[in-house]
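There are two complexes below, and they share chain A, which is joined by chain B in the first and by chain C in the second.
Then we have the complex of A and B:
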């Protein structure tokens, strides 16, 4: 490694720098909250609801309290002594710290046992009993629209969002948000279309399955609180805890070390409000670490139903499209309303359609809450519109890739919101995916009971707006560099990428840069690490901060009469007469944005577009219905890759995760809302044997001109096309079309029987 | 302890809360050897992984080594022991149908002394064995494969390393075949009707098809891995495939 103070002329951008933290991780020394133990710390174990919807009649904690070793048992009654109105959430203040008056899903936290020994706490949880007056429950997102079972007595939007204001206090509804977009006149256009196609698609509820389950620790003094937590959004946690307690933000400190995966599971508030309240109640540090199994009852991915209707001209152009999407948000809104809206507006797909109508509904049901999961709703939408697109093409006798070419949304054309597409390599990504999967070339189609087929799909996503990132870059007296940001490295490699950006500006080797992990007492505000936003937003902020620091150093050189190439260490030495001092540059990045009007129209709906296409070759066992993906090709527009190796692993990782959601992952509920497979023995994620023998990942040559050194986000892009590409390939192989995920063997076998 | 793979899951789920766990490690049951009659005698505390990687097993009972290689994952096989794998009684296990088809027996020790029983007789129903309180399996006795042809195939419907929706074990000796199905049934179940059709006959397509139809007559149960109707269909498919697999010249 080069010495820190030594300048380098080698570009740090486009260099596959090995992860800065990899050595710490493989030697077991990286910091995780899971390993944190504080003096006097108590462990909390959660007692959960056994009914899907009911009024709490009685909670009997006496036997648990009497258990030797138990410190105390906490219910909502005690919570209210610390926080009188204990409801939290990013979009709606609807989720109680512990169930209050009502329970709304099986598995909802009702009480917590505290003990010095986690096993004692767990034993005591079994001694708690609760009685409920059961209420009618609703589980299906479409039924929830007209159901008599109402999950929340009145809607409680957080109030920070102007577009949610009209929902405040609304009663007798399970619709948490009704997003609406109208462009042109789809009814009229549909009436004049030569052909009309309408299909309905569904996706299932699944879990994030981070290898490190959710974990938080809180410690308090009389008037301050420190929370150590596996969170993707430390700044939000501080805001929300301060709001709940009625404290100024500077008395709440939120620290986040490394995360063992997040995927959207660790966003906003999860366990933080609970540990904060517990710690304040017992005046001792409190830790709650969930088991893998408990995560099923904490946060999940939306199940969804999507009705999509297209009007086609005789020559195969989509002239009108109507989209109706219902999102199964479960019992608490979490970020569901934002998924409904921010993803909802891309529901017509990356196609140039003049007349569009979108209705997207965030629904409450009596299931575990759903939030963001690697794609923020986009994979559910692409699943539907790319299956639909293939069905239309085949029905009209047009090659599916040719059909897409004909309708593609090209650079400079307005998307459904009216926002003009810029730096969106849609065409290039589609063409390259087609080329890599050998589209149009002959291949082995199999024989007998093993049939092979090819499929392709393309999707896009608008990065969430309106969001802010700040950064500080400190140049130390020896010329080394420290970056202060609140972006959380949960395995995606952000520390390395941010160090590369700072290093490039300062002409240092990346290895000379240290990234300080999120600590709200130290690192500046950041909206959250989500939705592939950090490389673009925080990356821009780091670049601005590094440029600020560089400008200060240049000014110092001039002031001190040093040559422009004087080593940084020499500047400080000359200024202070010894090795002392530092320079801090700051960067504040917020991209321009125009909020949508009442028809969902905006001339600037997003700071950048992510484009991903997937091509697959599958083999289908026609006797068992088993699908084996034999070739998987992921192509993406990620702008200019900062670290090509990390880009590649992000693409492959995202596609493999989506492969599990496509082929077999599913949370199975019975008629009472009980989850039947709440363990990794019965809920399977892909293992090494499930991987396609050939996986190709490629970023097309592209540039996001507003991004740091031309870069933009990559974490979710390869999730977009996987599900429909596989369904399209299955259809190509055996002529069977499935419209509901997962594409499991029995579903396929049944469809084959009905053919 | 043996059977911990299953017990730990049940304990974590809170469905089993044992007051006592007994350490069996010092019973000296962790050896296996080929006896004078070329049978394999396996101590109940032998790990699945040590059997899987043993050259003796690979040469003499290749079907066993192959099956072990597909059982759960290597981390589990490193600690899971054969006695536990047989005593659990979950029909989704791979070894009970295979060892039943191979004609293996177990030695059972209890307060009343030792007794010997065929593996297939261990199972009384779903998670129910014929082991009496105080009894443990001490030895598994697997007869020499000899000239017999054997195969075990399973169908997983979720990830590749999932519990099977169906397991099918076939052992052919040119005369009377032994065929066991599991996972689709509440315990490893002998497909006697199919065996009868195939006994002493030349195994052609038509005959195997007849046997496949007959095989579907056993009681098939649906579970999270597949409905009863789907599994009923799989029984026929896998009977044919397992017979084909067993007759592969390389086996």
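Then we have the complex of A and C:
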């Protein structure tokens, strides 16, 4: 990674420590829930809906029950004996443990077969039949606004979010949230603008495809429940399961080892409520592991439509911007309403615009549910506003980078919410991306049917607020250190980064620190591992906890008459007369936050900003419509990199993932809402042959002053600019503008024919 | 229905009672507690379930366990001592979540056995049947190059 050294670096911070779990991972011995087997365990296999929208008339499970080796078959009727109101969700209590009365998308879980042999369970699933009274269905997020097909009879907000309260009990709508932001008077400003530009963009539905598919195991006693789950949000799982069962939280234990990838798929409740109910019904451990195919029916990324309109002054300044965004949330809201608001307020982009209007709608449709996927809605928004930005610049005859410079949101200026930008290296990130892609310098533009072009794009994201992380740091009698957190290491390297932070405070080598994986009976609360929040939030909590432990040790040294540099082991030895005892420091971190008013205005909308820019050079084959990215430049403001090597792999990995979402990944549905490509055979994800020949990653010199040792999150940043940078480069190469993802050969070839 | 299958697993002669429909990866997991080869896509397309049978990489999720009668079967768990490939994967940070890593390690061993000094293009093509959703691909290429160097030195 290209990077200048920073003043904030110290002995453990800025050190590329190899991941603490390296040995476990290269020898195949890392613990995943995927591996877990418990004595007497039953496997659950799911029977799924074949219609997109319908009332359940009848489910016939008799043949499945009669199959030798089948333990039992469970439908919503049995679920209700354990949980009378079996609806869950982080924003809305809208999703049933198993379909109840209605099905709302093809692939929705309707019944489960339990057996000791998973093959028996799977075979028996094929013996179940269900009859439905089909209802009209809606699939498109814009049509859903006015459609007669209504996915939910009444809206059921969870009650934890004030901005959803007005939706309680509302009928005859598919709008799960209508977020609104008004700053200044965009109508008036638009009327006085010299030129108006309006475009409409779309993104497609895609899926996370973690290679460890979703999996959960539950085991119970009469009055306690343990859930082993591949989850990014163990604390939420405990709260939500306790709520569903009406139990105190201390009787629900949620354990999470390593995850085989997450990317937002493994958040909130996925299989946890199902395995909990199944285990309580049959009084045996139950495991449900999804196949790769089934993951496509479980959680996806929002398809979206974005109408963006800008008023420009004669000299190329954006004076007004109006954004209307429709998010296709599928049949259940999941975290969609938060995507709609928390990302929605950045829809005008990292530009200084006085008069802004944003309307962002979370829509229900009859498709598999959509939630968070590496960027929490931001890549969809940047796709639109950065394509739009290039289109305006080129139309006005201004160099696209120069146009951005002219309009950039600079340090100290208010963003659309009114929150003043701090520690957001927008300008630096844009300049470095332009420099690294050799913007403005001549290059081989190709000839004949093979043309080349360059493109650039910049995006930003507000970290979700307000959220809490707690940590405990224990100093053992020999001076070694154990960190207790509920942050989940799903591959982003959080264990290592947290160990580095604790080690730095305690003046230990990172390798002397171990991190206990989340276990809600042991590790303290953490909101969730999502949205690039952990390094900042849990990192700050770990730092506070380590400082607390250090202060306690210092006090002990003083009490015991030891010199200030006395070894930790000597403190305990003197105090207890032997190797015994421990000291535990605690840290509780919640950054300040001001909720938005009715116009979306807030003087403190986010604890920090993530900034990412992408520069690309592409080659386009005009005969086939195929786009090859030949050079890919990722530049980010990550504050101080705690572990530069891990930061680089996060930037690189995120950009390659987004490359798949840009060039080929797409869930294809037929007219009945049936997914046609639910497998890696027909849904291709990037492999080694899709890799651009040249990838450059750079973290600009920056500091997040409120972050632990100047750091901020990085997991999503390099996704932001990839899609529009490529579309802009394709336009630069062949003069064709695509406004819908993916930019696959078919789409480009068709656009070329229409030219 | 089950019948005894005899084979050599990571250098040790073993026997397992195997049903005709059971895959090699299932038998390794259920009978021997080996989890390094793991089913992900279930279609032989991602490489997470890679196992070496008589020195040749197979997709353990599709390979019927009864077919290993008399064969030499090797998984990533063969040795707890790191070889040059595993060392190189650590030194070049060539993994994130680690779920696909055993498959990449085994394929890299097979590549380097066939071609001790592969070019970058050869590495990309040889390993293109292994997927990494974390996309640690640039680091994997670096690791394979480093492993090749380490093996040449030793």
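Here is the rule we go by: the second predicted complex is superposed on the first by the 745 of 755 C-alpha atoms of A that agree within 3 Å, B and C clash if a C-alpha of one lies under 4 Å from a C-alpha of the other, contacts with A are read in each partner's own complex, and residues count from 1 in each chain.
By definition in this document, contacts are C-beta pairs under 8 Å (C-beta built on N, C-alpha and C of every residue); 3 or more make two chains touch, one makes a residue touch a chain.
The structure presented is a predicted model; accordingly, all values stated were derived computationally and were not measured.
Residue contacts after overlaying the shared chain place A:624 against chain B, while chain C stays out of touching range.
In the superposition on chain A, contact of A:245 is made with neither chain B nor chain C. Looking at the shared chain after the overlay, A:21 reaches chain C, while chain B stays out of its contact range.
Legend: residue contacts after superposition of the two complexes on their common chain; A:291 is shown touching both chain B and chain C.
Judged by the touch definition given at the top, the superposed model places A:745 against chain B, while chain C stays out of reach. Once the two complexes are overlaid on the shared chain, A:586 sits clear of chain B and of chain C alike. In the superposed model, A:516 makes contact with neither chain B nor chain C. Of the two partner chains, chain C is the only one touched by A:212; chain B is not.
Of the two partner chains, chain B is the only one that A:676 touches; chain C does not reach it.
For chain A, the partner with contacts to more residues, out of chain B and chain C, is C. 291, 293, 679, 681, 685-687, 689 are the residues of chain A that lie in the contact sets of both chain B and chain C, per the superposition on chain A. Remark: chain A residues 16, 18-19, 21-30, 32, 34-35, 37, 119, 208-213, 258-263, 291-293, 490-493, 645-646, 649, 652-654, 656-657, 679-681, 685-689, 691, 695 touch chain C in the complex.
Across the interface of their complex, chain A is touched by residues 9, 12-14, 17, 73, 155, 157-163, 224, 226-227, 230, 233-234, 237 of chain B.
Looking at the complex, you find that chain C touches chain A at residues 21, 29-30, 34-38, 40-43, 45-46, 48, 75-77, 80, 82, 86, 89-91, 93, 95-102, 105, 123-125, 127-141.
Interface residues of chain A facing chain B in the complex, by the touch rule stated above, are 126, 291, 293, 623-624, 626, 660, 664-665, 668, 676-677, 679, 681-682, 684-687, 689-690, 744-746, 749-750.
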